[in-house]
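The data blocks that follow each hold one structure.
Shared between the two complexes below is subunit A, which pairs with subunit B and subunit C, respectively.
Right after this comes the complex of A and B.
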C-alpha cells in the first residue's frame, strides 16, 4: 500500500510532464465520454420508461386494428369505467381521453410554417394534474404545480381557454391573455378561437398545448348544423384513452373486461400498459437504437482506446531510457507496468468524470433535460449513474488503450538500452 | 576461484555472447577477476572490448552465458528477475555517463527514487536524501529540476542517487564522459572521496586515462579478455 501511494506521486509527476499532450488526450476522452453519456442517457431512459411497473400502472386503450387509432368519442364513458358491468368488476382509479388536434394560426395554407403550428391534446382539463405524465407527480407545494393548477382552473371556467408550452408560446410570439384563431389541419374546415390561460411548466411539455374536449365536441356539432352532415372525423375523434389501475392484476382484469365487452368490438379496442405501448411504438426505431447501443457506443470506446494508446505509446517511446534507468534502480517490470497504466488511468478517470459530470450538470440544470423528439416521449434527464458510467468508461478505455504501451515499457531490456559493447 | 572474505566482486570464468542475426558474437571470453572491498577499479579498453558488458554483469543488469558473478557473497547470476531488482536497489549504486535523471522530478525526488522501493518512512527517506545531497555538495540545489542544473551538477545528483541506499558497490559507466575537464575532475575527486571516506567499492568504465589514473587499479580489456593490469604506475601485462 505504501509503495502504491509512493508510485502514485510518480504517476502524477509523469502525467504533467507534457501538459499539451495530456490535455489533448484528456479532451479526446471528454468528447468521447460525452457521446457515450448521451447514448447511455437515451438508452437508460428508454429502458426505464419501457420497464413494466408493478403498481399504479397507466394503461393505454387504442383502436386494435388501425394506426393511427381513431375511436368514436362515445367510447370514453365505458372505457373510463374499464367496461365494468357489475359491482364486482374492476374499475380504473382514473382516466384521461386524448384527441390530437393539429392547427395553424395562419388561415392561408401557403403561408403556414412550423412556428405557426400548434399540436394540442384535446382532453378533460381536470385530468391535466392527475393523469399527464410528470405533471401528475408535481409536488402541490411547488410553484410549477401552483401555476399549472391556476391555469387549469381558468381552463375549466373558460371553454375557449388553452394552455401552451412555454417554448411554443414564445415561437408563436404570444403571451398569457392573448387571443388567437386556430385553423385545423386534421379536422378539415374546423377553426377555433382561443384565449391563452396559462402555460405548462418548463420541460417535457414545452412544445405541447391542451384545450377542452367539450370545445372540440361543440365545434363538431356546429359543423353538422352548418353543413347538414356530420364532420368526417365526428365519429373518429377519440385517439386514445389513458386509464390508471393500482396493480398488474387489476390491469389484467380491466384488459379482459374491455376485450370481452361487445360495445367495444366495432371498432375493437386493445389495452396495454403505457410502457408496453411505448415499447411497441419504439419498435419502429429498433434498428436506430440497436445501432446506438451496439455500434455507436462501442465505436466511441474503440476510438477513445486508440487515442489513448497512441498518446501513451508516444510517451513510452520517448521514455524508454527512463524505464531502463528505473529498472537499474531496482524497479520491477510489474511496477513499471503499473506506473504506465496508472498514468493512463489517471487521465481517463479525471477526464471521464469531468465529462460525465459536466454533461449531467449542463443537460439537467442548463437545458432542463435532453430533448428526444420522437412521439410524446419526455425530455430525458441524464441519470446520476451516467457519472459513474462515464468515469468507468474513461478508466476502462484508458486501461485498454494503455495495455500494449505499458507492456512495451515494462519489457524494456536494460542491457539493450545501455549496451554499447565497449 | 577461491573467495576471500575481503572480495566484494568475484567474476569467475564468465563468458558472454550475443546473437547478431545468424552470427554469434563473443563479447567476454572466460574472464575472471576479483575486486576487493573498498577498491576503486577502472576498466579500460577499446570500443567493443566488453567493458560495459562486464559492468552490466557485475551490476546484475545482464546474465552471463556461462560462469558466475558473485557480489559480496551473493551469486547474483542465480537470482530471479524480481529478487535481482531488489538486490540491485540495496547493493548497487549505478552512475551513468549521461546522468539519466528523470526530467520531471526535482534533484531531491530523483535521489529519493530508489528509496521508494524500500520499506522506509518519509522522514527516513528525507534524512537519507539530504545526507546524500550533502555528500555531493548539492543541498542548495535540491529543488531544482535536472534542466536547471549544469552537467557536473546533474552528475553529482546521479552520484547522490547511487549513494542514497548506502550500497557497498558503485558502478560507473564513463561518469566523466559527458563533462568538461573541470567538472570531470570534481566528479573523480568525489568518487575517490567516496572510496576513501565511506569505503565504497567502485568499478568504473572509462576511456579517459586521466580518470583511470585516479583509480587504485586499472584493468585493460581487449576482445573480451583482460590484457593488462595497472596498479598506480606499475603495469603487469598479459593478465588473463
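Right after this comes the complex of A and C.
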C-alpha cells in the first residue's frame, strides 16, 4: 500500500516537473478527444434513433413504391384504424396524419428568400401533444407543456390558427397574435390567411410550424369550386400517417392488415417502424457514416497516441539517468514501467475527462445541441456516456502511446547509463 | 478542377481579403527565411533530425495522420462538388412545372409538351427538336440482406420517351449494351407466362452500387451490374440492356427506362421534366427567361440545367464546414504535439545553441533554424500524408446532394484528389509546423551564449 502511494505520488510529482510539456500534451489530448466526442455523439444518437424499440412503437405509413410519398387524404380514416375490419383485428392506440406545406409570406416569387419561408406540418391539432416526437414526452407539469397545450387549444378553436417555432417566428419578424398570408410553393395557387396562436417549445421544432388539416382541405375544396376542376394535388395531399402501437406483435399485425387491405393498394402503402424508416433514409449516407466511424475516429485516436508517445518518449530519454538511479535504489523494472505508464495515464485521463465534459456542457447547454442538418433529424445532445468514452479514450490512447517508452524506461541498463556519465 | 476543391470553397466562405492576407503573410515569412537562409545552419538541423530519428518519425507521423485523413475527407467533398458542377449541360434548359422545387415534385401537362418543344431557340435535328421529355421518380426498392433482413434503397428512375434523344441532350453515351427498345419491355425467355421484363439502361455508379449489395447477399465479390443482369422492383423483374459511360455526373446514379412503362407503373403518367438543347449558354439563358416570363400557354419554371445542378450543393457546403471545423481542431491538436517535440529539441540542444552563437550565428538565424526544422518535419509528414490520401483518388462512395429548396438526389460519387487538395493539405501541414515551431524557436532565441554553455 505504502509503495503504491509512493508511486502515485511520484507520478503526480513527475507530471508537474515539466509543466509546459504536460500542458502541451494535455492540450493535444483535449483537441483530439473533442473530435472523437463529436463523432461519438453523432453515431450514438443515430444508433439510438435507429434501434428498434420493443414497446410503445411509432410506425410510419407511406406510399410503398416511391418517394415523396403522396397518398390520397381518404386513406387517413382506414390507416388510423390500422385497416382493422373486425373486432378481433389489432388497432393502433393513436395516430397522426401529416401533409407538408411549403410557402412564403412574399407574394412576389422574385423577392422570396429563406427568411420568408415556412415549412408546415398540416395535421390534426390535438395530435401535437400526443404524437409528435419529444412533445409527446413533455411533463404535464412543465411550463413548456402548459404553453403548448394552451396554443393547441387556441388552434382547435381557430381554423386559421398556426403554431410557429420560435426561431422561425423571429426570422419572420412576427409575434403571437399577428396575422399573415402564406403563398404556397408546393400547392400551386393556394394562399392561406393565418393568425399566430402560439409557439413550439425551444429546441427541435424551432424552425417548424403546424396548422390544421381541415383548413388545407377547405382550401383544396375552394380551389375546385373556383376553377371547376380538382387541384393537381387534391388526391395526393397526404404525405404520411404516424401510428402508435403497444408492442412489436401489434406492429406486425397492423402492418399485415394494411398490406392486405385492398383499399390501400392503389397506390400501395407500406408500414415500417419509425426507427427502420430513419435507418433506410440514412442509407444514402452509409459511406459517410462508415468514414466517420472507421476512418475519422480511429485516425484521431492514432494521432493522439502519437502525440502522447512522442511526449513520453522525450521525457523517458531525458530521464534515463534518473531511472538508472531508481534501479540502484531498489525499484523493480515493473515499478518503473508503472511509473511511466501512470504519468501518461494521468495526463490522458484528466485531459480526456476535461475535454469530454467541456464538450458536453458547451454543446448541450451553450449551443442547445449539435446541429445535424440532414432531413428531419433533430439536433443531437452529447450523451452522458460521451464523458466516459472521452475519458477512456484519453486513458486508452495514453496507455497505447506510452507502452514502448515505458518499456524502454524499465529496460535501462544501469551500467550503460553510468558509463556515459562523466 | 482547380475551382472545385476545398481551397476555393474556403476562399468563398472565409472572405477573400483574409485569405489573401494569410497568403501574403505566408509568402513574406518564406521570403524572410530565404533572405537569411545562407546564414542558417541547415545541415545542423537536418543532422539533428536524423540523429533523433525516433522523435522525428513520431512527430512526422502525427502530421501524416492528420493530413492523410483531411485529404480523404476533402476528396469526398471534391467528388460532391465535381458531381454537382459537371451534371447538366450549359446549353440545356430544364423545364419544370411552376412552383416545383425539384424534378420529383413537378408535373407537366402532356398536351403542352409539343408546343414547348417547338419554341424558337431550341436546336433541331432536321424537323425534330432536341428536347427530351422525361418522368423522374424516386422508387423504393426492398433489398434483401444477409440473415434474412431487408433494407430499403431509393432508386432514381428517369422514364424517357426517346432514350437516344435523351442521351444526346444529356451528353450520355452507352458504355456497353444497347438502349432499351421502343416498347420498353421484352418477354422473359425463362418463363413465357411471367410478366414481361422491364428494360433499363443503368448509370455506371448505380451498376456499382447495386453490385455491391448483390455481393453482400450472395457472397460473391462485389461485381457491378452488367448487361443481362436482372433485379426486382414494384413486383416486376427489370432487365439491364445497357450501361451508360461514366461521366462523373448525377446521371451515373440513375436508371433510365421507357416513360410509357414506368410512368403508369408508379402513378406518374405526366412528364415531370423537359430538357431542351440550345446553341450555347447565352441562348439557354434567353430561353429560360422566355419560359419564365413570356410563355403563357403553361405556367413553367425553367432553369439552365447546369445551374440547377449547381444549386444542389447545400449538402456539399454542410460537409465542407464540418471538414473545416474538424481540420482546425485536428490541426490544433497536432500542433501541440509538434510544439512538444520542438521544445524538447531546444532544451536538449541548449549547449549547441550557445556554440552556434559563439560561432557568429545571430539570434534571428537560430530562430529561423528551429522554425525551419519544424517546417521540414511538417513538409516530410505532410507529403507522406498527401501520398497516402492520394490512394483515395477514384474510390467511389454514396451520398446525397440536395439544395435549399428541397428535394435531393442519392448519388454515387468518385473521390477526387486534385492539385488544390494536395496544396491545401501541404499548406495546412506547413501552418501546423510553423505554429508548432515558432514558440519553441522564440525560447531558443532568448538564450544567451554564455548562459547556454554554463
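By our rule, the second predicted complex is superposed on the first by the 418 of 422 C-alpha atoms of A that agree within 3 Å, B and C clash if a C-alpha of one lies under 4 Å from a C-alpha of the other, contacts with A are read in each partner's own complex, and residues count from 1 in each chain.
We take it that contacts are C-beta pairs under 8 Å (C-beta built on N, C-alpha and C of every residue); 3 or more make two chains touch, one makes a residue touch a chain.
For clarity, every value in this text was computed on a predicted model and none was experimentally measured.
K.L.:
Output check: A:194 vs subunit B and subunit C. Expected answer is one of first, second, both, neither. What do you get?
P.N.:
Neither partner.
K.L.:
Is A:242 contacted by the first partner subunit B, the second partner subunit C, both or neither?
P.N.:
neither
K.L.:
In the three-chain superposition, say which chain, subunit B or subunit C, touches more residues of subunit A.
P.N.:
The larger set of subunit A residues in touch belongs to C.
K.L.:
Looking at A:102, would you say it contacts subunit B, subunit C, both, or neither? Reply first, second, both or neither.
P.N.:
second
K.L.:
If you stack the two complexes on chain A, which partner ends up touching A:251: first (subunit B), second (subunit C), both, or neither?
P.N.:
Neither subunit B nor subunit C is touched by A:251.
K.L.:
A:24 in the overlay: touching subunit B, subunit C, both, or neither? Say first, second, both or neither.
P.N.:
Second partner only, subunit C.
K.L.:
By the touch definition at the top of the document, which applies to A:303: first (subunit B), second (subunit C), both, or neither?
P.N.:
It touches subunit C, and subunit B stays clear.
K.L.:
Based on the superposed arrangement, let me know which partner A:75 touches: subunit B (first), subunit C (second), both, or neither?
P.N.:
neither
K.L.:
Scan A:326 for contacts with subunit B and subunit C and give back first, second, both or neither.
P.N.:
First partner only.
K.L.:
Kindly classify A:121 by the partners it touches after superposition: subunit B alone (first), subunit C alone (second), both, or neither?
P.N.:
neither
K.L.:
Is there a shared patch on subunit A that both subunit B and subunit C touch, and which residues make it up?
P.N.:
none
K.L.:
Mind pulling up the subunit B residues that touch subunit A in the complex?
P.N.:
25, 27, 45, 47-53, 56, 59, 61-62, 81-82, 85-86, 88-90, 94, 96, 100, 102-105, 109, 113-114, 116-117, 119, 161, 173, 205, 207
K.L.:
Contact residues on subunit C for subunit A in the complex?
P.N.:
For this pair, the touching residues of subunit C are 54-55, 58-59, 61-62, 65-66, 68-69, 72-73, 76, 97-99, 101, 104-105, 107, 137-140, 151-154, 233-234, 266-268, 299, 318-319, 326, 329-330, 332-334, 336-337, 339-341, 343-344, 347-348, 397-400, 404, 406, 410.
K.L.:
Which of the residues in subunit A come into contact with subunit B in the complex?
P.N.:
2-3, 6-7, 10, 13-14, 16-17, 321-322, 325-333, 335, 414-415, 418-422
K.L.:
State the interface residues of subunit A toward subunit C in the complex, per the touch definition above.
P.N.:
Within the complex, subunit A touches subunit C at residues 20-21, 24-25, 27-32, 34-35, 38, 64-68, 102, 114, 184-186, 188, 232, 266-267, 270, 272, 279-280, 283-288, 291, 295-296, 299-300, 302-304, 306-307, 309-311, 313-314, 318, 373-374.
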